[in-house]
Structure formats: C-alpha cells, structure tokens
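Chain naming follows the written order as A, B, C and D, and within any one chain the residues start at number 1.
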Amino acid sequence: MLNKRGFASDNNSGVHPAVLDAIAEVNHGHAIAYGGDKYTMLAAEKIKYLFGWDVDVYFVFTGTGANVLGLDAVTNSFHSIICAETAHIQQDECGAPEKFTGAKLLPVSTPDGKLTSDLITKHLYGFGFEHHSQPKVISISQATEMGTIYTPAEIKALATHAHSYKMYLHVDGARLFNASASLNIGLKEMITDTGVDVLSFGGTKNGMMYGEAVVFFSKELSENFKYRRKQGMQLASKMRFIAAQFNAMLTNELWLKNASHANKMAQLLATEVSKIPKIKITQKVQINAVFAIIPSDVIPQLQKEYFFYEWDKHTSEVRWMTSWDTTQEDIIGFVDLLREKLS
Amino acid sequence: MLNKRGFASDNNSGVHPAVLDAIAEVNHGHAIAYGGDKYTMLAAEKIKYLFGWDVDVYFVFTGTGANVLGLDAVTNSFHSIICAETAHIQQDECGAPEKFTGAKLLPVSTPDGKLTSDLITKHLYGFGFEHHSQPKVISISQATEMGTIYTPAEIKALATHAHSYKMYLHVDGARLFNASASLNIGLKEMITDTGVDVLSFGGTKNGMMYGEAVVFFSKELSENFKYRRKQGMQLASKMRFIAAQFNAMLTNELWLKNASHANKMAQLLATEVSKIPKIKITQKVQINAVFAIIPSDVIPQLQKEYFFYEWDKHTSEVRWMTSWDTTQEDIIGFVDLLREKLS
Amino acid sequence: MLNKRGFASDNNSGVHPAVLDAIAEVNHGHAIAYGGDKYTMLAAEKIKYLFGWDVDVYFVFTGTGANVLGLDAVTNSFHSIICAETAHIQQDECGAPEKFTGAKLLPVSTPDGKLTSDLITKHLYGFGFEHHSQPKVISISQATEMGTIYTPAEIKALATHAHSYKMYLHVDGARLFNASASLNIGLKEMITDTGVDVLSFGGTKNGMMYGEAVVFFSKELSENFKYRRKQGMQLASKMRFIAAQFNAMLTNELWLKNASHANKMAQLLATEVSKIPKIKITQKVQINAVFAIIPSDVIPQLQKEYFFYEWDKHTSEVRWMTSWDTTQEDIIGFVDLLREKLS
Amino acid sequence: MLNKRGFASDNNSGVHPAVLDAIAEVNHGHAIAYGGDKYTMLAAEKIKYLFGWDVDVYFVFTGTGANVLGLDAVTNSFHSIICAETAHIQQDECGAPEKFTGAKLLPVSTPDGKLTSDLITKHLYGFGFEHHSQPKVISISQATEMGTIYTPAEIKALATHAHSYKMYLHVDGARLFNASASLNIGLKEMITDTGVDVLSFGGTKNGMMYGEAVVFFSKELSENFKYRRKQGMQLASKMRFIAAQFNAMLTNELWLKNASHANKMAQLLATEVSKIPKIKITQKVQINAVFAIIPSDVIPQLQKEYFFYEWDKHTSEVRWMTSWDTTQEDIIGFVDLLREKLS
C-alpha cells in the first residue's frame, strides 16, 4: 500500500484538495513577485479580518521561520526569551533562535508544556543589570507541544504579566487552528483580545503544503519586518501560491473543519485506548495529539504498520498525532492492532 | 485582463502544468516529513545523475537560502567571499550572507557581471594575517545577473585559481538551466568537471512553484549541512512537494524545454528591438534577459501595459526578462508598442 | 577614607605591586604590537611549562572574552553547550556566548554550582537529529561561582564522559589559581592530566590589572584561533603589558601566594562568622568566597561600611569575597561589626 | 640595544610615564568594578567637557571594539555601512563588524583614504527596497589610515549628507588626537559641532597602555549601549585603570603634547626624505604618518635597523609611523641610513 497514514506527525499528511485547487486556480499569467500580488493582499486581509483588522501580516515558509523572525522583531541580542523546556524553539529548531537573534533562551520545566506566571518568576530578575541578558519575551505554544492548550484567561494573565515587566508575549501557533477548534473560540478572542504581541500563525500542519504567517498586533513591532524576512531567507518569490493556500484555508471555514476533525480523531483514539488496561494516557487530550505510556516491547511491532514516534525512551511514552486526513478506520485499525499486540 | 504577462522577472511567471501535476500526484496518504520520503530520494538521485553521481543534494526553499547556506558550509566567520558587485548575494539578499555566515563580502566591479582571475587578484592578499578577513570563496553566478554566461573553460580557470589559494568556487545557479540550454552543454560538463565546489541549483525561475537545491561536490563540505539547513530555517516539513517539482523538471527534459524557450524569446526580443534605432542593447543576450538603454520618457508608458524594471535610472537602462511562458505574441505585442511609443 | 576594602568582589581589588612593577619594567622603547614581542613569548612559555608544554596559549582581555572565544573554537552554531545554571557564561555574560557562537546554552540546576555526569545526562540526546542543537561541550567553572571546587577525579570523570560522546570539556578558570591553591595541586595535574580540552585561564581576579589567557590542549582546536581572537575584538595591540603581568604572576609563585592568602582570609571569615548564631553558611568554603544567610535587616547596615552583594534577595543569602589584598584586620573589623549589628 | 624604536606603528610604542604614574596612583584599596568608581566618573566628565557636555561616554578595550560596538549601536543587521576601501573596519578587523552587527560593509575606492559625498553616491540607493541592505551609516576615519585628515567643513558636509538620508555619521578616531593637533582645532569644533553621531575615541596609539572610548552625541543612540558593551566582551572589570589613563591624557593637555610631537616628527621625516631624489612621498603628511615610494631593494636593509611596514609590495610604497616617543635623533639616524643605502 502506498503512503499509509500513521500517527507520526501532522506534517506527514498531504495537502487538502481544496488547497491544491486554490493553488491551481491562481496559476495563470504573471503576478508581481515577492507578495506584490492581489492574492497575497487578499489573504492578508482575510487574516486581518480574523484577528480584528488592526494587525500586520507577513507570510513565510516554515514554522521555525515564523518563530525566529517574530522573535527577532521583538528582541535585541542582549535580551532573553523565556519558554517551556518542551517548546519547539528550545527543542526542535537546532538553535535557529539563538543563531539568528543572538538572544538567550531560558527554558522552564513544566509538566504539561504550559507556562504560568509562577513558573516564569525564577527568570524575572537582573533587569537593568548589564551583566545579565535582559528578559524581554515570554514565548508560549498554543497548542503546546504536549497537546495541551491555554484558556484565553491564561493567555491574558501571561500577557499582562509580560507587559508589567515591559516584556512581550509571543505565541507559537503552529497548531493554533487546533486550539481554536478545541476551545470553540475565535482567533480574535483567543489572541488579539488577550494581549498577545506577536504570533506564528501555522498553516502547514492543518492541510497546507507550506506557508505560515507572522502576525503582529502593533505596528511598532512590525516596522522593519520586511527586511528581517528577506534577510532571514523567508521571502517567497512566487508568493501568490502561499497566499492561495491561506485563502482556501480561510474560505468556508476549511481551517475549522480540518482542525476539528483532527481533534475529534484524537478524542476517539484516546477514548478507545483508555479502555485498554496496559495503557496510560499521560497528558490531557485537547487537540490532535495523544501521549501515552505503553509497554515498550509492542512499540516496534506497532510502528511497522502505523508509524509514530517514541517520545521518551526511558518511560516508553509515545506520541500519536492525528491529522486532517485521519479516518475513523485508521483509528479503529490501529486500536485493534494495539489490542492484539498487547493481548 | 487577468495577470497579463510582462517582462519584469521570471519570478512573476507561474508554475508549469507538468510541475503542478507532479505535485498533485504525490498528494496522497502520509509520507515521512523533512525529506525522509521516497520522492525526495528520487529527486536527489535524479540530480546526482545529472551531475555525475558523486555529489550531495539538499533541498531548500529559496535561492537566497541556497546561496547563504551553501556559503555557510564552506566558510568560517573570519573568511571573506569575493563576488561581482552585481551579484545577487551582494545586491539582493538584504545582507543575509553576512548575517548568517558572519563573513565579509568583497565586491568586484565588472562590466558584464562576470569575474575573471585578473579582476579577483586585488582581493587576494593578507593570507595568514590575523587582522584581515581571510579570502576563502570566489562566488560567481551562472548565468550572471546581467544575463551573461561563463564558458566551461572560464569556470575551470576560476576554480583552478580558487583552489591554488585553498579557496572554494561557489556558483549561484538560480538560472543554471538557462545557462546550460544556452551553452548546449550538460550540467556535469559545466559544473562538476570544471571543479565547482558548491552550487545553488535553481528551480523556481524555470517553472517551479518554490524549491531550490544546494549541491556539494565533496562529502567533506556537506558533512554538517543538515544542521545548517535546519538552523537556517530552510528545512521543509512536507518536502515531498519540493521533490515532486524537481522530479517533473527532470523528466523528459522539461527543464531544457522551459529554459530553451525562455532563452529563445529573449533572442527574438533582442533581434526585434535591435532594429529600432533609439534602442541600444547593453549586454550580450545569452539567456532570458535583455538589457537595453531606451529613451526614458517611454518607460512609464510601456510599463502600463507590460511591466518590467528600470535597471539604472541614471542611464535609463532597462531589464527585460522572458520566461518559460512568454509567447511570441507577447514579444511582438511589446515590440509593436515600443515602436509606436518611440515614433 | 579612600577606597576602603570590602567583600564585594575580587574584581574590586587593585593590582599587586609586583605586577605593576613588571608593567613598568617592560615600558621602554618599541616592541612589536599584537603579541609579536619577546615578553609575550616568555609569558606563553611560562604558561606552557605550567601545563606540561604541549598546549597553545592566547592572551585576551577579559574572562568573558576568554570563555566566549574558547567556546567558539570548539563549536559550530548548531551545537549546544551544557553548563551549570549558576555558570558565569549563563548568568553574567549578557548572552555573549550565544551572540558570538550562535550555539545554545543548556543550563543545569545544581545545588553547589558543580556538574556531574548524572546531572548532565538529561541533555545528552538528539545526537544526529537535525532538529536538535547537537550537544558538543560541557562547560564547568573551576572554582565554581558558588565557591566550590572539583577534585581532579571529578574533572576527569566529566572529561571522560564528554569525550565518550565526542564532546569537549571547557573550564572557566577565572579563579583557577584559587582552586589550585586550595587543592594544593599543580595546574598540569588538575587540568592537563584530567583531559580538559580548552581553558579560560584567569589573571585579573588574582591581582592583575587586566588580561586572561585561553589555553588549548590540542593543536587542532586552536588552529584558527588567532582569527577568532581578532574578530572577537580581544587582540591587544600593546600586548607586552598583558604578558608582563602574567610573567610577574608566574614568578616566585606570586599567583600561589595571592590565591592562598585570599583563600585563607575566606577561611578566617567563615570560622569567625560560623560562631555567630544567626548566620548560616550555605556553601562549602573552598576558595575565597563565603556564602551565608544572614538576617536581612542588617545587610544594608553592613554594606555602608563594607560593601558586598546580596546573592539572593528571597533568602537573604549574601556573598562575601576575599581578595589577595584582604587583611586580617578587614576580617576582624567586619566580623565585629556583624556581631554588633546582630546583637 | 633593547627595544629599539622604529617606524612600524604607533602601537609599537610604550606608555607615557605620566600615564603609568596615573595608573599607580589609583592603585590602592578597592573600587567598584565595571566602572562604578569615581575615577571612571571623572574621566567620563573630562571627555564630556571636551566635547561640549551633552554626550555619552563608554570605555572599552580596543579600537576594533570601539568601532564595532559604536556601529552596532546605530545599525540593525539589515543595514549597510559605507566606508573607504582603506578603512580599518574594512581591512583590519578580520570581519568583526560583519560578525557582530550582521550588517553589510560597502567599501568605496578613494585615493587618499577620504570619503566625499560624491564618492558615496554610488551606494545610496535601494531605500525601502526589502531586497537591498539599507544604507544607514557613513563611517570615516579621522585621521584616515593614509595619514590624511578631514577639515571640519568636510566632516560637516558628510554629516549633513548622511542625515539627509536618515543615516548616521560614524568616526573612527583611533588617531583623533593627531588630527586635532594637526588642525589646531578643538574636539568639540571638529566632532560635536559638525554633526557626528558616534565616535571611536582612541587613546592607545597616543601613549596609553590600552583603552578607548565610544562617544555618543545623542542619548537615543546610547540607550542600550551598556548591554552591547558587555555582550561585546568589552566591559573592563577593573575599569579604574582605563579611566586613570584617560585622566592623565586629559590633564595638562598631555594628549596634545604627545600628538603634536608625533606629528612634528613626521613633518621632520618628510622634510628630510623629500630631499632625497629617489624617494617619492605619496600622501599629504598631515599627522604622524609618512607614505613614500622607495627603491624596493633597500627596504629589507632598512628594516634590519628600523622596523617599518611595506604598504604595497607592487609599488614598493612604505609607511613610516612616528610616535609620541620618537626622537629627533631617531629621524636623523634613519634618514642618514636611508641616504647611505641609496647612495
């Protein structure tokens, strides 16, 4: 069988047909390169609408690009960025934030991938002391890399905390759509109204081919961003094709359908595996991820048929990601296999 | 009329239908993210075949990304990189090479965008002197930003010169396909056999949507490139879609058809405009670019109907780029308009 | 009274008279700038002798400079550096290591400022995984910022551990002289023979005016260091004056006298204050530092007469540093004042 | 004879006795480290007085440090810095400006080391164009590396030109004292009143041991400089010893005596050698440097007795630097030798 769906990552999934259609649709004639085209303008407008208009939007290629350049826009190299120890910027970007911004990352240990004002306090010192990297940004992931989500009230508390120290709140929203679907709350309510300063707005994991956006909630912060994006190697020449994908995603709430579906599949998976005695779900299942501890010997057997990643080899904790294209049959098939191997 | 074709840039053109088809074709089921899929393996194999097998291939998003990361792989921050003053890395990457590599760029004034050993000599000093950035790379563009090309003998001379100083030869091949078509010579003969060390291998300008490759001609140079690519924010998650495009481009010599056609259209344009007395072609027309000095007052009139860029406002020199999708009618229509405005 | 001695920092002390004399002694006529002089050669020879000859020595201005450039020599930007959370490179260099090397620092929580193989284990993963900064250096401070020291066996264990992962062991030796005096062991036994790869060798805190050295224990690592030093803005033009200071320090074991004296004064202080009931010494007193928790209300009263720093405002822990010029009278005077204020 | 004086560099000279005395004088007791001491305050006040009070002063170690950090304060990484091709920042800092600021340097060919508004024009384009490094700084050296100087009117013209483009004027003043002595004009008139934005204020070459200052002529530009200095590894712990040197230099116009003397010795040398037929002086002799073309075969013979550097091996141009400690006898002795070797 070709290209069997597994539970490794929402990055392993392909592109939603409507997104592909939208790409084909803009593929005629010439359009001004580097974002000077009408499709890019339209996509930016749609995103502005979602977030309450008074924002600035820049398209980039990848989530890492969005995170790094967004952070670059709100820091100097003598600043520090506080994040969860599990954050993508700390674990999975091969040091791109440090390399590009020159700033220091300050990881915080957290059981569920979420930061709180209390957890952060240990790093909030040394302001004005020239020997110490100056704390400037709190960076959170919504949803987190552990599949958990912040309530708007929690985001607001962090934003308020950050602002009280003249710091910024950055959100890595690689799975923002999933969080929004799960919370059943609009992006404006979740992000703009809670005081977020800069956002990585992810599309790829929710059914796009490539393309993310950096969204700024203050004109001051985005002032020179076009230069940062170019110097950061994230300016697409044929940008209409990123724009077309966002346009498709934001038409007829495709984003919500995709994200809700992926979330629902994770719920189904969680429900089913929680019936199996030898399996212990380790994190709240709030988006399209299920973390679980399972007997280590069955892991390679399962992986042969449905690929997924072992999260922690010491505890035999695994991560199962569902996707916009996961089917009920995939879940049932996998759970059946799991039951069989464990019996 | 929607999306009228002009002569602004080969980046303004869209995607060749066969490339789009290839994308759709790989869009089923799951594939390992970040290049662990079979399509990526196949595209890399095809490129290896083209260059004589003994090369390493890494896909990235953009030409700037390819240039910067390729240069990063062969430099330390205390090195310098010699290039033409007109080079893309000097003029059009917003300082990305300096920012990312930390190295110094040493521009060389050149009438046609081409470097020679003689022109470079002025920068070849200070070896071993710790106060001076150590010359380490000669970087050329094939074809150049002025639409000119190097013969294989010229490339070989530069490679030999570079190697005699323990330096490397880097080639920005954003329009390598056009150069190859124009020279009627294979990529292996032009690049591998002449002693090039690292190459930016462009796809976007020749009919792809996005995606370039960095090609290394020695294993030693590519040793840690996967980390550089990730840290450089150029690692695509759904990489199969870049690979599919290269696969299409390298099937049935689509690359050659596209490049030859674009080149031919430039020749037609050059032939026609050279019949008009008030126009002076300023560079050899060797690929898909025509540089010409025209009366400055007609420029805005022409741009209303066919967009293109003024290259030098002081001399009213313009650049006309043709593309894989330029038609004979486009050329005739434009030349007619030009004649009309000038009469 | 002018310039009263306190317990704030060994950086607050002045220059030993013999060091000043040595400076005056080399101050005649011209000497080749940037280290091409005989005094620099002599100082380097003396240091080589101390470490067993087979090392490379480079003089720089500051401890931060020594740390950052030493780390730069053994890392690429995609690497990570594991250090104690209390390390100078993590807390007190305003992000210079990240800015200059581009690498990621991975702090480890530790009660006494010391790392162990066990403590480090949590960061030793992701080797070969391109998304993850590659662990490359373990960096320790000898003595630590908490005034504690590693035994040679402990250093050797860490070096062996590092090497087993193809990693390097870096030592921040800003107070290496104090550690050596305390352990009563030679620098060769403590550093060279235990497998250290690169060392910041401090002079300023032990009675010099300015100047530190970076010592490499393998020629391979120092290969391009002269360029790194210049690009790192740490190359002194009139280098003979740094060299003269090291020469003085390494003549008649001045380094040992100074360091032993400072250590002894800390012992005296610790002995005396431990007799006072309301004071709790919090770290082993192994070099010239005493950490203690004292009633918070007396801190400002004491600081009026003998300046020192509060280390942790939450616990009212203070740090008292003695110096090469601290006298027994200073200690007695301070302890008397302390007793008076507490009674 | 020990340490014979030559004409290699003013960096080869030692320290003026009054400077050494001043160092000894502040060497008693403890002083707050990192510049919190009264000597540093005094030195800063003296410099402020010289420049008309409304400036900010920060001490650093080296001229390269002063240049790089001063430039860092007025640029973002997406900016460019225009300088003479002979500038120290372009030729002699091993790429430190690029590495630390991330910005692009744009060298300008100039016969005498001086820039003019006309010469700069070629680089003033691409403003607002995101592909192009944004021109932000004009950097000049006063005096230049070719021994020439700008009149205040010339500096003012460049400052006005820079400001008309919202750019800054940076001055590398490693030999500012010599320029001031030569022009017989105060530092305020030469620098503050002409509109300079940031200055590297050199001390080492004029009789100090080490130490330079960065002077800002607007509070806005220096806002975060203390962090940049620390992160740039240029913060001295025992800063009183840099301050003491500047205090000595600015007492009883020692700076003027030293600089005038060095300049006078260069005049004497120029006068004498211009009497010798086979020697051609190639640059105006305005400070303490003489550039001359001499028969190449005598160069090594002369160097055996008086060391100096060959500036251009192709033309056998040499550079002779005089210093604060050069004597009339040195000049006569050298000229006699020169005459003898040439006869």
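Criterion: a residue touches a chain if its C-beta (ideal position, glycine included) is under 8 Å from a C-beta of that chain, and two chains touch if they have at least 3 such contacts.
All of these numbers come straight from a predicted model, not from anything done at the bench.
Chemist: Using the touch definition from the top, how many steps at minimum link subunit A to subunit C?
Modeler: Tracing touching chains, the least step count from subunit A to subunit C comes to 1.
Chemist: Just how far, in Å, is the C-alpha centre of subunit D from the one of subunit A?
Modeler: 50
Chemist: Where the CA atoms of subunit C average out and where those of subunit D average out, how many Å apart are those spots?
Modeler: Going by mean C-alpha positions, subunit C sits 33 Å from subunit D.
Chemist: Any chance you could list the residues of subunit B touching two or more other chains?
Modeler: 34, 77-78, 93-95, 99, 102, 130-131, 134, 227, 230-231, 235
Chemist: Can the chain contact pattern be summarised as a line, a ring, a star, a complete graph, or none of these (other)?
Modeler: If you draw each chain as a dot and join those that touch, every dot ends up joined to every other.
Chemist: Across the complex, what residues on subunit D touch subunit A?
Modeler: Against subunit A, the touching part of subunit D is residues 34, 76-78, 102, 130-131, 134, 224, 226-231, 235.
Chemist: Looking at the complex, which residues from subunit A come into contact with subunit C?
Modeler: It is residues 77-80, 91-95, 98-99, 102-107, 130-134 of subunit A that touch subunit C.
Chemist: Could you pull out which subunit B residues touch subunit A in their complex?
Modeler: Subunit B reaches subunit A through residues 2-6, 8-9, 11-15, 20, 23-24, 26-34, 61-65, 68, 93-96, 99-100, 204-205, 209-210, 227, 230-238, 241, 307, 323, 325.
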